[in-house]
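Before anything else, here is the set of structures, which you'll find just below.
The same subunit A turns up in both complexes below, where it pairs with subunit B and then with subunit C.
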Partner chain A sequence: MPLLGTLVLLFLVLMLGVGTGVIPGIVIWIGGVLLANIAIVRFVVAATAVLLFTIPTAFVIIFLELKVIAFMNLRIGPNRVGPWGTLASVVHGLKVLSKEDFTPTGADVTVFTLAPVVTFVGSVMAFMVLPFGPGLFGVDFNVGLLYFFGVGGLGVVGLLMAGWSSFNKYSLLGGLRSAAQMVSYEIPLTLSVVGVIMLAGTMSLNGIVQAQSGSFLDWFVVRQPLAFLVFFIAATAEANRTPFDLTEADSEIVAGFATEYSGMRFGFFFFAEYVNVFLLSGLAVVLFFGGWTAPVPWPWPVHVLLAPGELGLALLALVIVVPVVGSALFALPLWMLRSEWPFWRAWILGLGLFSALAVGALGIYLLINLDALLGIVWFFAKAYVFVFTFVWMRATLPRVRIDQLMGLAWKWLLPAALVNLFLTALAILVVHP
Partner chain B sequence: MATRIPSLDDPRVLVSTPATIYDAIPPYAPRTEREAEFYGLRDGEMLVNMGPQHPSTHGVLRLVVKIDGERVVDLDPVLGYLHRGIEKLSENADYHHAICYTDPLEYVSSLFNELAPVMAFEQLLDLRVPRRAEYIRVLSCELNRIASHALFIGWMALDLGGITPILYSFIERDEIVEMLAALTGQRMLFNYMRIGGVNGDLNHEFLSRLGDWMGHALAQVEADTALLNQNEIFVRRTRGLGRMDRQTAIGFGMSGPNIRACGVPYDVRRAHPYSVYPELEFEIPTREEGDSYARYLLRIDEIKQSIHIIDQVLHRMPDGPVMAQLPRRITPRPGRAWAAVESPRGQYGCFAISDGTDQPYRFRIHDPSFVNLQAVVPLMPGNLLADTMAVMASLDPVMGGIDK
Partner chain C sequence: MSFVPGIGIVKGMALTLRRFFEPKVTVQYPEQVPEIPPRHRGRLQLLYDEYGALKCETCFQCAMACPIECIDMGGTDTKDRFHVHWGAAEQYAERREEQALRRSGRPVPDPNFAAFDRADTTRLDALLEQEEHDPRRLLPILEGTQEIYGYIPVAAVKHISTATGIWYAEVYGTASFYGQLRLELPAAHRLGICRCPSCSLFGGGAVRAAFEDELGVPLGGTTPDGSVALATDDCHGENAGTPWVTLDGRPQRDMTAAGAVRLAQSLAGHAPAGRA
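And now, the complex of A and B:
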């Protein structure tokens, strides 16, 4: 009876603890500590949530990429694991986990091991400032955008470390390419959003979204189309996506910086790439497409029409009468159609149908009322349009050459970003002197 | 080069990098001036092995590329990783068997590999091939040419980083390959040509597939290549790249689309007509630029010409036997013969000497890929590393033919 004995002992200790006030004291003490450091608690919770959020995001985007490119290539794509192959990317992840973790002879082991971590952590940290909905963000930095670019730039350090430490010429070339590419494209990327910062008057991503609230005409893409173009091209290069995927150009330098990586270390690079895709899609949405705001605000606030508190006695009638009448309304035609059924059967079915309708209506009501829920839906819908565009580009375009890449950044994107900056400043001076 | 790393055999022992056959720098002292110049690295230069295992070397070509940053300084192609001794094997087989050995030489366009030796042997025998057999040969060869060029277009795009065009061009290639499978029984190594004719007559499945395909062949070519022809990135990456001038091309003895892209209208079908080509109307498309983009466009033009040829062949197809009367064991009179055909890669020739027995005394294949591959050495230096593969792809070498 060791189990029973243990349970009895535990119960006795618990009773003793509660009786003497030790356990309530500990609980109150912990609660007090947590309440006193609410900012830290919030940060830890947000960081954990963001870290957990990245994994399904990467899975979804990998699946999307497999399936969308297959569709564009006139192939079928993954269709074996799960419904419509939806679990293919999860199985990819498991496969990567189960593979041999190989370190090549001659590699700088410390740097080699740290490189994927640096890349992945950089991507995840940038998530902290991204507002997913009203009030739904890790931290509302007042220099959020600066933090975003700062941390986002950390990823390239990981790529460079991987390229240098792998003891492989292809890796070295890939790492150097990624460094050159990142240095060139950070500048137009950052300059292109300065116009947005000037219009919004803040660098907090939450504040930028709030500055665009209203209809879709208030989105910054309307006032900053050139900036958006520059931002999108630079973001594609920043995420190492086709046509700027020179760092892992498979037909030239095998797999670039990731040539010598296997197992979960490669998986981290792989994850970081897709997390970056979502991150930059999210940033494009936040900066230029109104973040979590709806394109057209809902014109009839439903909570005014239906204020349950003001109904009084009618509320009682609503609760008692409406389900009965509603069920009857559904049950009666059913019973008339299927006269061989007993009455209770039609009644139960009617109740089920009415409940489904009621829950659906309630859901829609909540959706319209709950800005947070709606905001998340809008944010993800917009972000996944961009994710789809990235995948679409990968299926369509060949790769540019490194000199063309540099030429585009320095000769076209940088002047365009500067012109945009100048025009924005001029417009602000003219309109709001 | 003085890096000392743990030995693979015993990690406690530090050795300098063990020499393998894949090491960029060979383990022996330089034997020629060229080797001394090539392997002597100046400051900032690095040797990179591209191949024999590399995602895009079209087989097992190994390019030792000397780079300075991203720029290619010098280049040394290393051949022989796919050498199977096919010429020697053919000399030890009788005349009928030699055809199955030559079949997998240029595995992308096998029918031409069969046609050239068959034509050489027919010259040795002084044999007349039935006209229907000649027409069927032209028909199947032109189909194979389209299949080969379709694969080229896809490969070229793949080497430039575009992943979709290869799947589009495979639609076309797959239809043709299925067609030829209906005719010959095989999808890739057809083994269809025979001394004195072809293996079998046209059958219903082949003709019905061909008829279906001919209805939309031209539209299909336009649709498949629209993704590349109108793509700014593709055009900018290939135009002006790997420019070959006329004199150098002639000097190297290049042939096929690669020399026609330099403005030399040399086509064996016109220059040294064989089979029934003199009776058919077709143009020899040429281009003046001589760059990768011209070579790419030229092959599209050739596909259109091939469709035109197939159209005429189908209208003029005569009746009659497809095989000449011939004993099973053939012993040609002593003598020598040379026959050349225009394969998708250029002049594919076969030289055979008979000593009066039933085996060729000497059997030699002249492969166009081998000649065209010489061009990579003058074309590459000065380009960027990313362009090595674009130039290579536009020359369209097949290692099976080069290494024999």
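And now, the complex of A and C:
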């Protein structure tokens, strides 16, 4: 009774508000304020979306890592939680959440608490400039790439903070080791991209993708193979992935900067690591593999004449009639073939078949008509190829020594990046004097 | 090819990618039970068959295979005649204790277990000293032992094994291999029966059956009191129209089934000294 009364009261208030024009007024006012500050709204929406997006991404990559490495070891891997063990990584996350959050005595509590946040925020903020599809990006900076590397560098600060504040000499050594590695590899990573910037003429990631539109022959990997190689190796080191995962080196040395961390704070470091994997895969796709553009452009333009808005009342009739007719179309032959079935069973099966067909058709319709959807599909397909490659490398390659790591960065990658830079400049001078 | 830089990385990546698509070796244990080969021995333990007899044949193969000689075992040999034992009982006495085995969840040992009689080893020690405790002179040692005791007691086998360092199973195997070496006291009398076709045609089978019935042991056996051993012999063609029977090497002429019964009755019950 109280529930019904409340509902009636709310309905009356709503009617009254609409009748007197108060509620439309409020709605229009809010809309106006939002429209006036569209940049802020866009930023907030994008930040929330990106923050929410990192969670499934990290879970998917952790699951991929468990499953792919298991398959490459001729094992089966997680298969108990969820279908094919897909929920294993979620359960990992819940387990980490339920663990004790421990702070060692003598630790610098503020810095100790902030360190995982800084690492994680660095990764999330870099997402803001990554174009997922045409028009699907947080902010289209004209210095997007610079921003990307700048914010990505926050990760090093976080690791250093974690190492410093743990009040543990091994943590400090681990933090400094990580910082040395990541700072060293920032240089070839950044330099390898300069050639791409020169070719595209912009540092906006969206602009770089548009500069590669066309077929796969327009992708920058064709014109900058050396840069891609340097970028990929440096990105592996930057994301702390095997064979350059000396920052935590699970199986060999003390976990480095994360030694004193437990529970979700520890989880955040690894969350950030897996987000970083996707981030750098996405960046590799954007810079060298044409981002959200299709490898081969659709050879003939598609114009679907049917615009749903133009149908008017007929649309309503269509929505009501088509499912019934479609279901019947599938159900009746089934019922005739399987006469021992009750009619409702055939009908449910027919409805299911029709629904599958309708969803497929709707998906194709949307893919053809919405560039953004097609772009997202292409972007994720390409990005996950790189994610797979990172996992694949982890299953294959042994870890390098710290001196080999440093030697590779300074003696090989840096000169290679510089050579690539000068060659690109020379080529631009020759072709477009 | 191996001079191309980075070819090793490519090869490794190709290997893992191939593995990615290969069938997996994991057996989902609680759901799928793997097919275990019939000769698989997952755990070493003594098993008893459904009649309560020990299944272990005391072949010592497990003890010989054990690299650190930690297997300590005892039992009877295949003919169920002798108690044989492997390993230093002193060292592992606690483990052989019945309660310890019960606690460990293993079957308790043979209830018929009885420790062998200790033998006086002064003369054996002298013999071993004379043979310089040399494992390569095992046969002379065993023959000397038989001269000392009249047979080779289990205690002597164990003593030889300890003194020379030869594995118990090897001493036992050597002693049981050679025909002239005995592991038990000889019977007081030895009845020999020839089983050649000629003797059989002249009624050897009836004589043999009479001996077996009267003495209660099959051919090749010894009466439980140790008075008579029934063995095979060879007439070498010397039978003169009657079955060839010898008593302690002396031929018994004109033997018939009735005579065999009389002979057996006269021999039975004269156990030699020293036999239980």
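What we mean here is this: the second predicted complex is superposed on the first by the 345 of 433 C-alpha atoms of A that agree within 3 Å, B and C clash if a C-alpha of one lies under 4 Å from a C-alpha of the other, contacts with A are read in each partner's own complex, and residues count from 1 in each chain.
One rule holds for everything that comes next: a contact is a pair of C-beta atoms (placed from the backbone, for glycine too) under 8 Å apart; a residue touches a chain by one contact, two chains touch by 3 or more.
Nothing here was measured: the structure is a model prediction, and the numbers come from that model.
A.B. asks: Return fit or clash for subunit B versus subunit C, each positioned on subunit A through the superposition.
C.D. replies: clash
A.B. asks: A:96 contacts which: subunit B (first), subunit C (second), both, neither?
C.D. replies: Neither partner.
A.B. asks: Go through the superposed model and pick first if A:74 touches only subunit B, second if only subunit C, both, or neither.
C.D. replies: In the superposition, A:74 contacts both subunit B and subunit C.
A.B. asks: Which chain makes contact with more of the residues of subunit A, subunit B or else subunit C?
C.D. replies: When the residues of subunit A touched by each partner are counted, B comes out ahead.
A.B. asks: Per the contact definition in the header, classify A:46: touching subunit B only (first), subunit C only (second), both, or neither.
C.D. replies: In the superposition, A:46 contacts neither subunit B nor subunit C.
A.B. asks: Contacts for A:246 in the overlay, against subunit B (first) and subunit C (second): which applies, first, second, both or neither?
C.D. replies: first
A.B. asks: Does subunit B (first) or subunit C (second) touch A:392, or do both, or does neither?
C.D. replies: So A:392 only meets subunit C here.
A.B. asks: Given 63-71, 99-107 or 243-251, which one is the stretch of subunit C whose C-alpha atoms run into subunit B?
C.D. replies: Among 63-71, 99-107 or 243-251, only one stretch of subunit C overlaps subunit B, namely 63-71.
A.B. asks: Enumerate the residues of subunit A that count as touching subunit B in its complex and touching subunit C in the other.
C.D. replies: Correct list for subunit A: 72-75, 395-397.
A.B. asks: Using the touch definition from the top, list the residues of subunit C that touch subunit A in their complex.
C.D. replies: It is residues 9, 12-13, 15-17, 19-20, 22, 24-26, 28 of subunit C that touch subunit A.
A.B. asks: Which residues of subunit B touch subunit A once you look at their complex with the stated criterion?
C.D. replies: These residues of subunit B touch subunit A: 3, 5-6, 8, 11, 46, 48, 54-56, 70, 157-164, 167-168, 171, 227-228, 231, 233-234, 236-237, 384-389.
A.B. asks: Can you list the subunit A residues touching subunit C in their complex?
C.D. replies: 68, 71-76, 79, 392-393, 395-397
A.B. asks: For the complex, which residues does subunit A have touching subunit B?
C.D. replies: It comes out as residues 69, 72-75, 105-106, 169-170, 173, 177, 242-243, 245-246, 249-254, 394-404.
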